[in-house]
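The following pair of complexes shares a single chain, chain A, combined with chain B in the former and chain C in the latter.
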Partner chain A sequence: MKKIQALVTKELGSYFISPVAYVIIFIFLGVSGFLFFQILSYFNLQSIQMMRYPGLLDRLNLNDMVLFPFFHNVVVFFTFLIPVLTMRLLSEEKKLGTGELLFTSPITTTEVVLGKFFAAAAVILVMLLFSFVYPLMILIFGNPDVGPIFTAYLGLFLLGSAAASLGILMSSLTENQVIAVISAWGVLIFLLIIGWAAQSVGPTFGAVLQHLSILEHFQSFSKGIIELKGVVFYLSFIFFTLFLTQRVLDSQSWR
Partner chain B sequence: MGNTLTVIIGILGSLLALAGVILHSYLATRVWIGTVMIIAGIVFLVILAILHYRQIKNLAGLRQTRFGANTLIFTLIILAILVLVNFLSVRHNLRKDFTREGLFTISPQTIKVLKELKSEVKITSFFKDKSPEQDKFKDLMQEYQRYSPLFKVVEIDPDKEPTIAQNAGITQYGTIVVEAQGKSVKVKEISENELTNNLIKLTRKEIKKICFLDGHAERSLEDKEKEGLSQLKDTLESVGYQTRELNLMEEERVPTECQLLVIAGPRKSLLPHEEDMISQFLQGGGAGLILADPDSAPELARIAAKFGIELGNGYIVDFVSRIFGGSLTMPLVTKYAVHEITANFRPATLYSLVRPVKKLENPDYMVVELAQTGDQSFVTQQKITTAEKMKFDPKKDTKGPVTIAAVSASKPKSLPDEDNPGKPEIGSRLAVFGDSDFASNSLFNFSGNSDLVLNVINWLSQEKDLIAIRPKARAPSLVHLTPGQGLLIFYLSVVGLPLAILGFGLVIWWRRRRK
Partner chain C sequence: MIEVENLTKRYGNILAVDRVSFRIESGEIVGFLGPNGAGKTTTMRILTGFIPPTTGRAIVADFDVMEKPLEVKRRIGYLPEHPPVYNDMLVSPYLDFVARLKEVDSRERPQEVRRVMDLCGLTEVQNRLIGNLSRGFRQRVGLAQALLGDPEILVLDEPTIGLDPRQIVEIRELIKNLRADHTIILSSHILPEVEMICSRVIIIHEGKIVAEDQTAHLQSTLRNSDRLFVQVGQAGPEALESIRRVPGVISVLPEEKVPGGYRVELEREGQKIREDVARAIVTGGFGLRELKPVGMSLEEVFVQLTTVEGANPEEGGKIS
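Showing the complex of A and B:
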């Protein structure tokens, strides 16, 4: 555990000493902030117009009309940013040859993988914490339902962690960071689109594809529901990709 | 093979596929260009893989077969376990609803109905694909399906399969067909209330009939004005009862098809033989609901007295209801007895011109005083005047709380006795209210009134399942930003925060470079 802690600290250090994390968080906040502001000011306009029709006021809902669209627009962008964050993690070690050092040290490959993963998850957490400013502003100026905000954030964090674990797996496969990030995107796109195929294949296979579709489970989170199957899917996805990464790293000792 | 080419192909492929995905997810209909983009993107990525075949082969290659096989088997085992865990989690999915209003949680009554299903129920939905209604419906169905394996849902897209929709006689998007036990019903409003009550209607064996006494200037089922009961009638029919008006002059006795006899504020006297018929019907195991206003037919008090309920004289005066804009003679009830009817029942009910009701000692009946007015109310025999002049007179008036409704049920042990034929049989049930206005159109929709009437009728007719599920109302949740606040949000979210992060990063980077 101590070793993992040390690894996480070291990784976090390199995230925040280099401009990488800052640039990614900057891009994320810039885009999502703009989106948020757009949606909110449109809603504000609607609210003012609706004042003339008090009977229709209950149709306006901050959760349904601001936060839900906001999360839905941000989630894809967010997911695709994550592999950029993780592309460096293992491919760099490989390229610089520091991997040798790391893998021959008394630290096990499992610890290496977990350390890298937790560091990436921590950066994701920081990213999401900063973006919490937007719901916070709605909480200050309006009265949204807090439950769905928290479930949506939990969903974003799980989804982001899943993307991070996939990114780590891809970066363990190649020493080229660009290939790492692009192949992670490829897999993510694939995991996105198999959900659509679900409608055209049979109900059983369709349900399987739907379950594998990585964004599908976020739907419930964004509405305010936590579903066991969603949590289990993300956790098993993370577990499996990290397991594969560990196998890949291990294989370097015998290949 | 240059590295540049690899990068170009990779980026191009990914971007194409991404653009395709975005195009598809933001347009309601599938456009061919999006599909082409995705396919092209995938082709590019495949080319990339082929170009770097050797590299990939090296990465995935099994130079040490033994280790490789070992890893493969281990991986497959892990995969199998994960598949199993995921399968189980889907099968036994748990959902926890975190919305303030419980938007995605169905009521306990619906759950009970679902758990008691004995034969398959099939729901066929005809939604326009990807419409918000379809989404809402799917959420609802997920909840329903959790509680019964017999509850099946089939989704038909009427645009893709127009013949099925035509054969089912669907003329409108968003219609659903509920089928059970060879019967089917079309539902156009997607709500838990509609669905559950239709489910009950379809799966129930018999349809219960409620007879409303007619011929003595009672409140009429057909009357849509304030005085009438048309809303009560509509509600009863929507939850699956049949209603009819019953004129006893034409009958020898109360027809057996009447599961429940309602006497709603008759203003003219009942004939002696009518009174006998009603008493016999009730004592013979029937169920009755008497809504007796202070000026109602005097025979009602005699009938009620046989079941241990006294209909008193005078008016109930309540000062509390004035707060709600009601008059002195409109008592507000918030206290209910512990009884099946009022279990979990909290909302206030409002009445108008009410006479008191009291429990009498009767060895054959279990009598419960169901609802009481507040402490500030009293029963008066005085003439009702304005609020300022109306004072409690200790000589003539009785201090509140005053009971305004009581229910009576025959005790289970009182079996028919040959020596004493007047004794009731099992199952006699009577509810008496000192008012009939609360069930009329004027007050029916006030707070808990409609629910209370429905609960009483369900209890009387032994129909515990039928329910009124209130739609989950969302409280309006708005923002009103002043231009200043709008600017503040703009500078904070779009400009300030991202730039602060970037600036901080730059400072750190720059300081490290200087070292």
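Showing the complex of A and C:
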């Protein structure tokens, strides 16, 4: 446990000494801010139009018309940004030869994988905390339902952690960071596509594909529902990819 | 204590280490000498548990490396060929991180980090980014890392590579001072270096151990050696031992492909030793079938080693 902690501290140090974490957080805030204000101004436009029909005013709802579309739009960009954060975690150890220290120290490969994962998860948490300024504006100036905001953030965190564990797996497979990030994107795109394909392959198989799609499970979170099967999906996805990573590190092909 | 038995490592078709066996007692400082590509790094990586052997067994500090890797790793300080340093860390936090990995008690950690920085002359650069350090300093950071937690066994892979002459002298002094209470195995392709630091030498060539000797005899052994091929009817440990006991014989290794065949390295002092070998086999009743001279392997090894300091442009030249 102490050694996992040492690794997490070290990785966080690297993230925040080098500009990597700042750049990623900055880009994320920029893009999500842009989306947020686009959606907000569209909402304003609509509310001005609706002033003319007082009967329709109850339909104006910040949750449905601002926050839901916001999360819906931000989630894809968010997911694809995560592998950039994780691409160096293991590939660099291999490339620089520092893995030779790590794997001759009294630390198990499981501890190494967990340390790397927790460090990435912590950065994701920081990233999400910063992005909370946008929903916060709605909370201050409007009166939305708070529940869906929190479930959406929980969903983003679970989804981000799943993407991070996938990114770490890809990073364990190559010493080239660019290959690591591109192959993680490849798998993410595949996991997206099978969700779309689900609609055209018949009900049973479609349900299976739907269940495998990494973004599909986020939908209910963004609507304010914590679905058990969604939580179980993300947690087992994380467990499975980290387990595979550990197997890769243990196999001699890595050395 | 390090005990290695029939260690073999294959990379696809390449046989990097070929049935290597040796034993190092506690407190010994042993040099692993061989030209580039001999298999030194591979052997050390197996000893430290970084890679598994293809076959064979390695026991380090009373634990089998394959069965109890963590116990072995707790007792080893390892300096790999390329110093395993993170360029984006400062020297002192890096050492603190490694100390935490090596389970140094949290109360003793600052003191322990200071101790190794002091020992390796790193105090003046403790707040510098490792990526900005010169090669010599990076090497010292690598060495400091290996000394953390004062492990009983030190495995140092070419510890003076890439250093300038003054630094080489310093690092050698440092290693010599460690020898009182450590078991040290050190690899090198520089003959004088091994002679200076080590009490015993294991010479490895193309993955095989070709000789083991006290350092004092090393040069003459290497320069004046001869190799015989013998085949006996009754092969076995007794046959091997009785050949080895013949005065002038440096080493005896079983020949893999020929049953009863041995490779015998001997001093190149005329026919006398050959006669003695033949006599030992006959009187021992092992059944001499064949005895013939075959080339001069140690001499081949000798010409591939760096025998003069400063011959390598990387480490010669600038004196600061």
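Odds and ends about this structure:
Rule of thumb we're sticking to: the second predicted complex is superposed on the first by the 251 of 255 C-alpha atoms of A that agree within 3 Å, B and C clash if a C-alpha of one lies under 4 Å from a C-alpha of the other, contacts with A are read in each partner's own complex, and residues count from 1 in each chain.
Everything that follows uses one rule, which is that contacts are C-beta pairs under 8 Å (C-beta built on N, C-alpha and C of every residue); 3 or more make two chains touch, one makes a residue touch a chain.
For clarity, every value in this text was computed on a predicted model and none was experimentally measured.
Annotation for the three-chain superposition on chain A: chain B and chain C fit side by side.
Applying the stated contact rule after C-alpha superposition, one finds that A:186 touches chain B and leaves chain C untouched.
With both structures placed on the common chain, the touch criterion links A:3 to chain C but leaves chain B unconnected. When the shared chain is aligned, no partner comes close enough to touch A:49: not chain B, not chain C. Comparing chain B with chain C, more residues of chain A are touched by B. Once chain A of one complex is fitted onto chain A of the other, the partner contacts of A:229 are limited to chain B, with no touch recorded for chain C.
The angle formed at chain A by the C-alpha centres of chain B and chain C is 150 degrees to the nearest 10. In the overlay built on the shared chain, the residue A:96 is in contact with chain C alone; chain B does not reach it.
Residue contacts after overlaying the shared chain place A:18 against chain B and chain C alike.
Within the superposed three-chain model, A:105 lies in touch with chain C and out of touch with chain B [touch as defined at top]. Distance between chain B and chain C in the overlay is 7 Å (nearest C-alpha pair, rounded to whole angstrom). Comparing which residues of chain A touch chain B with which touch chain C, the overlap comprises 17-18, 255.
Listing the residues of chain B that touch chain A in their complex gives 3, 6-7, 10-11, 13-14, 17-18, 21-22, 24-25, 38, 41, 45, 48, 52, 55, 59, 61, 63-64, 67-68, 71, 74-75, 78-79, 82, 85-86, 89-90, 92-101, 103-104, 139, 473-481, 485-486, 489-490, 492-494, 497-499, 501-502, 504-506, 508-509, 512.
Looking at the complex, you find that chain C touches chain A at residues 45, 48-52, 70, 73-74, 76, 78, 80, 82, 84-89, 93, 97-98, 100-103, 145. Chain A makes touch with chain B in their complex at residues 16-19, 21-23, 25-27, 29-30, 33-34, 36-37, 40-41, 43-44, 47-48, 57-58, 60-64, 66, 76, 80, 130, 133-134, 137-138, 141-148, 150-151, 173-174, 176, 178-179, 182-183, 185-186, 189, 192-193, 196, 207, 211, 220, 223-229, 231-233, 236, 239-240, 243-244, 247-248, 250-251, 254-255.
For chain A in complex with chain C, the residues that touch the partner chain are 2-3, 5-7, 9-10, 13-14, 17-18, 96-108, 252, 255.
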